[in-house]
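Below are structures written as structure tokens.
In the two complexes below, chain A is the common chain; its partner is chain B in one and chain C in the other.
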Partner chain A sequence: MKNPYRTQNIAFFFLFLATLLIMVPVGLIVAIIIQKGLPAINWQFLIDMPRQGMRAGGIFPAIIGTIYLVTGAIIFALPIGLLTAIYLSEYSKDNLLTRLIKLAIVNLAGVPSVVYGLFGLALFVVFFKFGTSILSGSLTLGIMIIPVIITTSREALESVPQSFREVSLSLGASKWQTIRHIVLPNAIPGILTGTILGLGRAAGETAPILFTVAAFYLPQLPSSIFDQAMALPYHLYVISTQVPNVDEKIRYGTAFVLLALVLFMNLVAIIIRYKFRKKKKW
Partner chain B sequence: MVIKFNIENLNIWFGSIHALKQVSVGVQANEILSIIGPSNSGKTTFLRMLNRLNDLSQNFKMNGSVKLEQEDIRNIDTELLRKKVGMVFALPLPLPLSIFDNVAYGVRMHDRKNKKILGEIVEASLKEAYLWEEVKDRLNESAFKLSGGQQQRLCIARTLAIEPEVILFDEPCSGLDPISTAKVEDAMVKLKQKYTIVLVTNNVKQAARVGDRTAFFLNGELIELDKTDKMFTAPLDKRTDGYIRGKFG
Partner chain C sequence: MRKLKELIIEKVILICGLASIFFVVLIFLFLLKEGLAVFKIVSPFKFLFGKSWYPISEPPQLGILPLVLGSLLVTVGAVIISIPIGVGCAIYIAEIAPLKIKEALKTGIELLTAIPSVVLGFIGMVTLVPLAKNIFHIPTGLTALSGSIMLAFMAMPTIVSIAEDALYSVPKTYKEGALALGATHWQAIWRVMLPAASSGILAAVMLGIGRVIGETMAVMMITGNAAVIPSSILAPVRTLTATIAAEMGEAVVGSEHYFALFAIGIVLFVISFAINVTADLFLHKRQ
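And now, the complex of A and B:
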């Protein structure tokens, strides 16, 4: 006779096993990086230039470079992504063309990042003649995260109840007034979350900046958006594979800083979302 | 007798669904016209035609004419039409704003008024909806803190604040307890001196209590339209009689 509890227990066991298999690598990565990287972290490491062929000193230019790139990417991607999301969710009619556009955007989010790198090289570096520069890198990263921002912003806009729009319109407000005063304020938490997730992704990617901005080593900080810059993910790649005899401590320290930066941004997203959710009134 | 809305041979489709069939109704100024009928009979579709909220639905199609004071409503600017024809929805739907801002919302959308005038409008509207005494000390609180009945009166005040000529009520008491219902009904009866009211209701007794005239819809058709007294004592159509007595629907 079949025992339903037994099959249930077997199912639970496999479900739990799968979850565990996911959690173990994540835990290990974080644990190893903290264990090996934390000892390298001190003020000098964070604010000093690299020395002795990057075998000593700090990683300040890479941190600064990543911050520049991420800021540039968001300045470019947020307005375009948000406006597109507003158009798609509030104005466009549901027809074949807009469905194709939405599908294309979702697919764009799945394009491998190295393809974005090549695209950035062809368009910004070569065609627009921006050269390998912060500008080219920011635009490439921006294009990479636009689909993320559009998708999350659209979800945020569409989660504002239709009844609010009807009430606002029924009081004689125009469509734009309704969007401006009712829809957008209530969609902000979702939009912010998407933006910061995009930021995290932009900060961590190596491939898109490889051909468009990243420098192996620079003796001074970038002084304009047409300069090359160092960046954390690429710096990590360089000191791990291209430069011999780099102390393990420095490599893991760099990984730790990158991880901390990305986790910090995600944490900010979570806090913002939590604050707005508490304020949400329906 | 002044005719406010004149609806002639109105047909409405949503995709392949024929929601209203050849409906002709004249709505008189300063009357309460109740519309009764079972669900899916086209009552709400009819109501949402009058302020063109149906236009928001995909696949909406219509023919026939709807005139507000002799002017086809499709020729009136939508925002202006909706300012003249206010609406109170089935569920209390405050906007996620404070009590004050809810009432002031429509006014602010139409033109910039200084704080003092705005405050006066809000106060007058809340008084007209019999809510002022209950909220005057907490105008800056979220509207969601009010009870359901208070929220619905807030929605009425919000509609009154834009000084409409016609108010459409779409089953305004369906979510309310009997005492709140009585308050909303009192408000409606007083409001008809200034406004024309079209009331869609699932509650036949409510139509009998407040309506001057009553229309009975069934399956998208207007079956009967008459003075409320006559309708409820001697309806002409058997189906009206059956519905009013609760035999179906």
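And now, the complex of A and C:
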């Protein structure tokens, strides 16, 4: 007879091994980039223009470009995402339309990022004639992060207890007043978390900006939203595959800055969520 | 007056609620608008099953079979690696890990989700690629296998978090019943919890596959970009996504090449749509 407890020990050992197989590489990746990238970082690297075909100098325009793109994306995506979340959580009934909206959100989240790039090229660059510009890129990234914002905001709104709404309505407030003054303020931390996660996602994506904004090598700052711009993720792609003989240090340094930026945003989001959970009174 | 204001606000919110549907339709329409033109030059059959992709030769040869096979090979490899590891990790997090470790593991998974794919591609280039080259003694480490490993890794967060959700939502009484009948914890997991969570786990795997097929940057950086029918898992390949990303920059707007790349976009959109709708059905079946 097999001993079931021995089988269990063996099985649990393999499950633990599977977990290690994911966690160890994650740790290694972050460690490698910090170890090799951190020494490359200095003030000069962060605020200098790239020089000699990106083989020397800094990454300032790429940082600025990414900030512009992310800001643009969130300006576009936050209102639409938040209002959709409000619709789904407060107004929608359990009917076919709601089902369709939810399905559309799932699909929007699943569309490959390079297809967003194609879409942005066809709609914003060519059809609306915005050209290869910060505007086109921001709008493309914006549509891409809408599902992230909807999902997290909706969760935040739905976690506000039903009794809050009932009390407000019973005191004579209208539906919108209830949402505006009772539901939204209580959901702010969750919405903020979603917004920051969306920002992080937009900052790290490369494929959607390949044909909508990205300038290969542009050692100057954009002057308007109709200009091309460099961006961190695209810059990392370019210097690690397209330009030969780039100093290792510059590659690792760029990877470090990008990773640090994205992880920092995620960390902030995690902290906000954690504090909010602890503080929650209900 | 107040009623009117309420009504207006409600309508505005409804319109925004419809935006998601609008965007999905818009994406599909614009892909069709730019992509269907390619079928004036090449028949859909020849496009899908043509064996050579030379988009800029004269006349252009626009058969995407090598790219489809490239995507398929990389995806199958990634799925074989990621299912046991991903589901195993999900079981560990949901059932075995103590609470504190559970939180830490979940944060680790979130961290992995957050790492931009171009950073993972870069890391793959400096670690996996030389490793594959040395282990298998091949001229280049830029192979389908390297891509599969990296993609398996990138699909993990999706598989782990959805599978864990599925396990979590199995009613506690199922497990308690099994334990009360004298089953060990593992027997309860294997014979009761996993079957009960099977449709959710299936959805997790499907969404993982969706993630793998759609992944672009990392795969472009480490699979070697050879648009030929792959001979083995240790040969360089080119996926559908990488083809668009690598070539659209050079394609002239309105050229045959441009249309063909959009047609590849249609193929990708349809695949991801099918995967997401099916996965959604599985998830709803569970509830």
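As a working rule, the second predicted complex is superposed on the first by the 276 of 282 C-alpha atoms of A that agree within 3 Å, B and C clash if a C-alpha of one lies under 4 Å from a C-alpha of the other, contacts with A are read in each partner's own complex, and residues count from 1 in each chain.
Heads up, the rule we're going with is that a contact is a pair of C-beta atoms (placed from the backbone, for glycine too) under 8 Å apart; a residue touches a chain by one contact, two chains touch by 3 or more.
This structure is a prediction, so every number in the text was calculated from the model and none was measured.
Colleague: Put the two structures on top of each other at chain A: do chain B and chain C fit, or clash?
Modeller: With chain A as the common anchor, chain B and chain C both fit in the superposed model.
Colleague: Could you tell me if A:N186 is touching chain B, chain C, both of them or neither one (first, second, both, neither)?
Modeller: After superposition on chain A, A:N186 lies in contact with chain B alone.
Colleague: State whether A:V167 touches chain B only (first), chain C only (second), both chains, or neither.
Modeller: first
Colleague: Between chain B and chain C, whom does A:I143 touch in the aligned arrangement: first, second, both, or neither?
Modeller: Touch partner of A:I143: chain C, not chain B.
Colleague: With both structures superposed on the shared chain, find the angle between the C-alpha centres of chain B and chain C as seen from the C-alpha centre of chain A, to the nearest 10 degrees.
Modeller: 100
Colleague: Taking the superposition on A as described, I'd like to know which of chain B and chain C A:G131 touches: first, second, both or neither.
Modeller: The answer is neither, since A:G131 touches no partner chain.
Colleague: Quick one: classify A:G57 as touching chain B (first), chain C (second), both or neither.
Modeller: Neither partner.
Colleague: Which chain, chain B or chain C, is in touch with more residues of chain A?
Modeller: The partner with more contacted residues on chain A is C.
Colleague: After superposing the two complexes on chain A, what is the shortest C-alpha distance between chain B and chain C, in Å?
Modeller: Checking C-alpha atoms only, chain B sits 10 Å from chain C at its nearest point.
Colleague: Show which residues of chain A both chain B and chain C reach, each in its own complex.
Modeller: Residues 174, which sit in both footprints.
Colleague: Along chain C, where are the residues that touch chain A in the complex?
Modeller: 2, 5-6, 9-10, 12-14, 16-21, 23-24, 26-27, 30-31, 33-34, 84-89, 91-93, 96-97, 105, 107-112, 114-123, 125-127, 153, 156, 160, 184-187, 189-190, 207, 210, 213-217, 221, 241, 244-245, 248-249, 253, 261-262, 265, 268-269, 272-273, 275-277, 279-280
Colleague: Can you list the chain A residues touching chain B in their complex?
Modeller: 93-94, 163-174, 177, 181-182, 185-186, 280-282
Colleague: Touching residues of chain B toward chain A in the complex: what are they?
Modeller: Residues in contact with chain A: 51, 53, 56, 58, 79-80, 82-83, 86-87, 89, 91, 93, 95-96, 105-106, 109-110, 142, 144, 155, 158-159, 162.
Colleague: If you look only at chain A, which of its residues touch chain C in the complex?
Modeller: The touching residues are 4-5, 7-8, 11-12, 14-19, 21-23, 25-27, 29-30, 32-33, 79-80, 83-84, 86-88, 91-92, 100-101, 103-119, 121-123, 126-127, 143, 146-147, 150, 174-176, 200, 203-207, 210-211, 233-234, 236-237, 240-241, 251, 255, 258-259, 262-263, 266, 270.
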